[in-house]
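Each of the next two complexes has chain A plus one more chain, namely chain B in the first and chain C in the second.
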Partner chain A sequence: MSTEVEAPTTGRPATTAPATPARKRKSPYPYWFYLPAAVIFGVFFVVPTFSSFFFSLTRWDLTTYEFLGLDNYVAFFQESALITGLKNTLIYAVVTCGLKVVLGMLLALLLTSQIIARGFLRSVVFFPVLVSTIGVGLTFPVLMDPSAGLINKSLALIGINGPAWLVDPKFALLSVALVDVWKGVGLATVIFIAGIVSIPREYFEASSVDGASAFQRFWRIILPLSRPAITTVIVLALIGGLRTFDLIWAMTRGGPGFTSDVIASVIYKQYQAGFYGLSTAGNVVLFILVTGIVFPLFHFLTRREVDL
Partner chain B sequence: MRFAKLCRPVPLLAATVACILALGACSAGSLGSNDEGGGTTLNFLVDNSEGSTKPAQGLAEAFHAKNPNITVQVQQRPGGADGDNIVKTRLSTGEMTDVFLYNSGSLFQALNPQKNLVPLTGESWANQVEDIFKPTVSVGNELYGAPITSSFGGGILYNKKVYEKLGLQVPTTWTEFMANNAKIKAAGIDPVIQSYQDTWTSQLLVLADYHNIAATDPGWAEKYTAGQVKYAQEPAVKGFQRLEEVHKAGYENKDYRSIKFEKGISLLAAGKGAHYPMLGVVVGNLATSDPEHINDVGFFGQPGDDASKAGATIWMPAGLYIPKSTEGAQLDAAKKFVAFVASPEGCDVQSKAFPPSGPYMVKGCELPADVPAAVKDMVAYVKAGKITPALEFSSPVKGPALEQITVEVGSGLRSAPDGAALYDKDVKKQAQQLGLRGWE
Partner chain C sequence: MRTKTHLWLGILGIVLFVIVFLVRFAFILFTAAKTQTEAGELQFSLPTSWALLQNFRDALAARDYMLIIAFINSTILTVVSITILVVLSAMVAYVVQRRQSRWNAVVNFLVLCGLIIPPAVVPTVWVLQSLGLFKTLSGLIFIEVAFGLAFCILLFRAFIATIPRDLDEAAIIDGAGPMRLFFKVIFPLLRSVMVTVIIVQSVVIFNDFANPLYFLPGDENATVQLTVFNFQSQFTTQYNLLFADILLITIPPLLLFLFLNKRIVEGLTAGAVKG
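== the complex of A and B ==
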């Protein structure tokens, strides 16, 4: 994950590089020093990437293949679940990303203020991040059972007739998204806390001398100065949301019917059915989609950051 | 990370295979050293349903008792689409266990048998296999599997006590069936149990309707394989319409969307629901979950339009296969094990381990006299010759998304004609991926 965040960051010094041209001319390390990493990168990342581009053009049973041209892509785009999947993926990514940013920021503000048991509360918020996704995905359906689940029973105590969460097509996707937020907000909070804590104290001191209100302090100091943290959270959450699979699969399997299918689960079903070439084509499409959304977004966000 | 995501199947697969290899090597090795005769160990992969593991375990023990130098180790895998995935992947990578249990019919065809499996045509037991079963594990003239476990009906399981109490007759037409449902609902009992949390259970009203399709048009399966007839047309669309009718009439149990199969079958056994469109194979589960109610559950074939053609759709037993990766002494031992399974002795061992759900497909096999009521109902259909093997045994064409589509139709999210048309599209995709002729 860190490679994604860091790759453009290392790119930034390059734009200001003319100051240190010597660095470009000669690396401090001999070339053979890079070899082990290059071999690993080549064997496990470059080769599979290019071979998957190739196999996406074939009818493939893992050992033999037959070249089909673009047929798999045609079949994948005709897949009726794909449109729902695409729509759901975007909804899911935007909802989880938005909520993680907003809730994460609110929690970070709370947890950087002078409250009792701050360290303990920080761990509590982070705890769900450490729990296995599949474990969460198996526990929540039990809690969310429309009649016997803890959530609806608790709601019934205060007179609310809870929705059928995962089995109601109107709520299924959002229910999973909420669980995802619960599980992921801790990471966003920790990144925000790091961002807020690294803001130099002088700004706060100066602002209190000038008589700034708490809201002004947030709006004029914390928010602009934690922009790198916000960028990181948005990008991570968005990528996570766009390629989400494990939680959805564990909780609804894309159901009821096709109503909570996302692109990754549509692809997985092709793989499950033994349509290896077709599902590889789907993965290539997902790759292009994620890159197509995240790359420009990242550049947009980091440019704003540089302007600052 | 992005790159890793893109090619996830490959490293994941490699890792899985490596683990399986390591595990396999480890257990076989340690067992070999413990075994005083230094005999052979056969690994035997079965799906994790009780109906498969119990007979498999029984067979493994009985076979070892008879052949002390061969030990059979039963390994489990998940069922359903996940299981298909595992079996296909392990076959493709040459890491399949020495013998394995897998569906016969269309799923068997999808394993690429000529390439992956050892032909068993010349084995001594081959002519003891019932003729109705042979085509479901054959490609061309070669036979690749032996029947394991018993056949079973697919149709409506019903609660006999409820029928008795309300004075109902087993329906022979769909109209009668719906009339019974109306009376059952009026008596405050859920007429039709559905359990969509286990999506596979939603397909039955469509799949079990196949006897009615074949009764109307006996050549339907061939035309279907050739791509000439579709589910969106009469008579096949009726299955989807029946599913829709049940939902529209409000005959499903209230929590049909959130319960699983186990809950569904116990509702039926307890008489809280009257009908459960289901595979007869589940009757064996009642022996452990609700033994006191097991004989309250009966079976009838899914009714169609014509009472004179009423009958049941029958599912063939699974097949026992040997992959090409099994060689040498292992292969001889594996063949011996398969021969044992496909013998009347093997049938008896299976019956003792798990209640059979219908007739065995090996000549000379007898069912025990104390089989559950639903199995007796099923056997009556077989004896009367009023059975049709399900479509998956007459045609290799089966779409992978049927269970999601039937959930949508059965929940009122999609209309019957729309669902049938979508299934036709799904089937077309599968036929193209299999490279069948007539579907390009």
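== the complex of A and C ==
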């Protein structure tokens, strides 16, 4: 299987190189440099991706399979728990992406202004990006404990009756999303900071000569000129949000009930239960969801950049 | 006047930042230093008696020193995967950047796919099993390499574009073949971007949870991220040991962060500004 896929990628260069008679000398940049990477990428990424389309139509136990047609997909969309997973994935991706863009931009504006301890604060915001997601995912349930947890106790001090967070079916998914934002906003912030810092000084100088307000400076200069950074953050956050698994698994395992299941956790649960075909169908659904949202969005966002 | 408001804003900012971002780490540290009964109360307070070292020892010794084995496994996984990743992705990035051909479109498309498409879990297990690599560390190494290639190629390509071609031509005139040209002339020049790639990827691979969970199940093969569940699955959670474990597995990224924070930020934002 693997050789079939790889043959066109690696076989042809050898024949094209001598086909240019004008220069007999071999190119100093040989195509076989692609070969080792192409083999690993082909065998462990391309082959599984392609075969997932086929195996999602079967019932299989990794050695034998039985062709079922679209039964797995029918089962997937008839099971209410699985549809919840699909809906939750979308909610989760949109909420985390939106919050990361807005909060990340606010933090970046704060951390590019003349503020004391700027370097220290930048580091503090960024640090959670580097620590173990699982570690974060196991710590926050303790902090979010409805009665004994630090968060609700602090809220009680200022007179707010905190929600039951992960225990409450209405809040469970949102709570995980908030932790995701806490962990990931640092990456959005440093990307925005890099974008803002790269804007030429003259724009700001000219705008202050013209007497622009801080808001106008943000709206007319910073926002349009850091669009590539915004594109990157949106795309990265959406991909991450749609594919999320670690945090959900560590914090709720999809519970209470199935109220915080996302597609990635459904895939894992079906895999554990031995429904390999169904699990793979979930993978294909996720594939379609991610590529269906991210590719067009990416094209749309980068096209707008050219117009600018 | 202006500087005074800035000062107060700054102090307010610092206080808020500390509360939002650092309290969690203090909580982990305090709980990891408590006795089991005290930790079980889940309070944010200083431990009445510090038992941090004892808890570290207990966490390491749990389930026949699983955490130590996990640290060895994770280190091998991280070091070997990154070595392969660096060499292979630099080779690809180099040829893509230097040689214009119709393969460029293919490579670019595959890189984009590698960045966006979620890997298919069970078919990957199937491939690994057919190759006899399922539940082996080498299998997981191949997986980490395959999933990391796209990002590394992007970083290397952007950097190689800044190396003047004159250098290549001089080396070619001196009679260097493709191998010599790349490994003796170009590769050493990639040191700075290489450091970035190594740091970013080592954080990613060391913190990876999902791939070891899928492709390397079994206690004897555990990687560090899987050990945290040791203290949770029993009847009562041993919070002091759980947090001691979390603290231990946070130390490697913490060290990287303290010494190389700038590099990491550089790597992650590279290309983001230009789009």
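As a working rule, the second predicted complex is superposed on the first by the 280 of 308 C-alpha atoms of A that agree within 3 Å, B and C clash if a C-alpha of one lies under 4 Å from a C-alpha of the other, contacts with A are read in each partner's own complex, and residues count from 1 in each chain.
By definition in this document, a contact is a pair of C-beta atoms (placed from the backbone, for glycine too) under 8 Å apart; a residue touches a chain by one contact, two chains touch by 3 or more.
A quick note: this is a predicted structure, and the numbers were derived from the prediction, not measured.
*Asks:* For A:91 in the superposed arrangement: first (chain B), second (chain C), both or neither?
*Replies:* neither
*Asks:* In the overlaid three-chain picture, which partner chain does A:212 touch, first (chain B) or second (chain C), both, or neither?
*Replies:* It touches nothing on chain B or chain C.
*Asks:* Mind working out whether A:126 is in touch with chain B, chain C, both or neither, as first, second, both or neither?
*Replies:* In the superposed model, A:126 contacts chain C only, not chain B.
*Asks:* Name the contact category of A:155: first (chain B only), second (chain C only), both, or neither.
*Replies:* Neither partner.
*Asks:* Return first, second, both or neither, reflecting whether A:109 touches chain B, chain C, both chains, or no partner chain.
*Replies:* After superposing on A, A:109 lies clear of both chain B and chain C.
*Asks:* Taking the superposition on A as described, I'd like to know which of chain B and chain C A:80 touches: first, second, both or neither.
*Replies:* A:80 sits against chain B, while chain C stays out of touch.
*Asks:* Could you tell me if A:45 is touching chain B, chain C, both of them or neither one (first, second, both, neither)?
*Replies:* Touch partners of A:45: chain B and chain C.
*Asks:* Of chain B and chain C, which one touches more of chain A's residues?
*Replies:* With both complexes superposed on chain A, more residues of chain A are touched by C.
*Asks:* With both complexes overlaid on chain A, does A:169 touch chain B (first), chain C (second), both or neither?
*Replies:* Touch partner of A:169: chain B, not chain C.
*Asks:* Please work out whether A:138 is in contact with chain B alone, chain C alone, both, or neither, and reply first, second, both or neither.
*Replies:* second
*Asks:* Indicate the residue numbers of chain A shared between its chain B interface and its chain C interface, in ascending order.
*Replies:* On chain A, the overlap between the chain B and chain C contacts is residues 44-46, 48-49, 51-52, 62, 145, 239, 243, 271, 276, 279-280, 283-284, 286-287, 290-291.
*Asks:* Please give the residue numbers of chain B that touch chain A in the complex, ascending.
*Replies:* It is residues 1-11, 13, 81-82, 84-85, 88-89, 92-93, 110, 112, 196-197, 199, 255, 257-258, 400-401, 404-405, 407-408, 411, 413-414, 422, 425, 429-430, 432-433, 435 of chain B that touch chain A.
*Asks:* Spell out the part of chain C that touches chain A in their complex, as residue ranges.
*Replies:* Interface residues on chain C, with respect to chain A: 6-7, 9-11, 13-14, 17-18, 20-24, 27-28, 31, 41-44, 84, 88-89, 91-92, 94-95, 98-99, 103, 106-107, 110, 113-129, 131, 142-143, 145-147, 149, 153, 168, 172, 177-178, 181-182, 203, 207, 209-210, 213-214, 224-225, 228, 232, 239, 242-243, 246, 249-250, 253-254, 256-257, 261, 264-265, 268-269, 271-275.
*Asks:* Under the stated contact criterion, what part of chain A meets chain C in this complex?
*Replies:* Residues in contact with chain C: 2, 9, 13, 26-31, 33-34, 36-37, 40-41, 43-49, 51-52, 55, 62, 110, 114-117, 120-121, 123-136, 138-140, 142-143, 145, 148-150, 153, 182, 187, 190-191, 193-195, 198, 228-229, 231-233, 239, 242-243, 245-246, 249-250, 264, 267-268, 271, 276, 279-280, 283-284, 286-287, 290-291, 294-295, 302, 305.
*Asks:* Please give the residue numbers of chain A that touch chain B in the complex, ascending.
*Replies:* Those residues of chain A that touch chain B are 1, 3-4, 44-46, 48-49, 51-52, 59, 61-63, 66, 71, 75, 78-81, 145-147, 164, 166-169, 239, 243, 253-259, 269, 271-280, 283-284, 286-287, 290-291.
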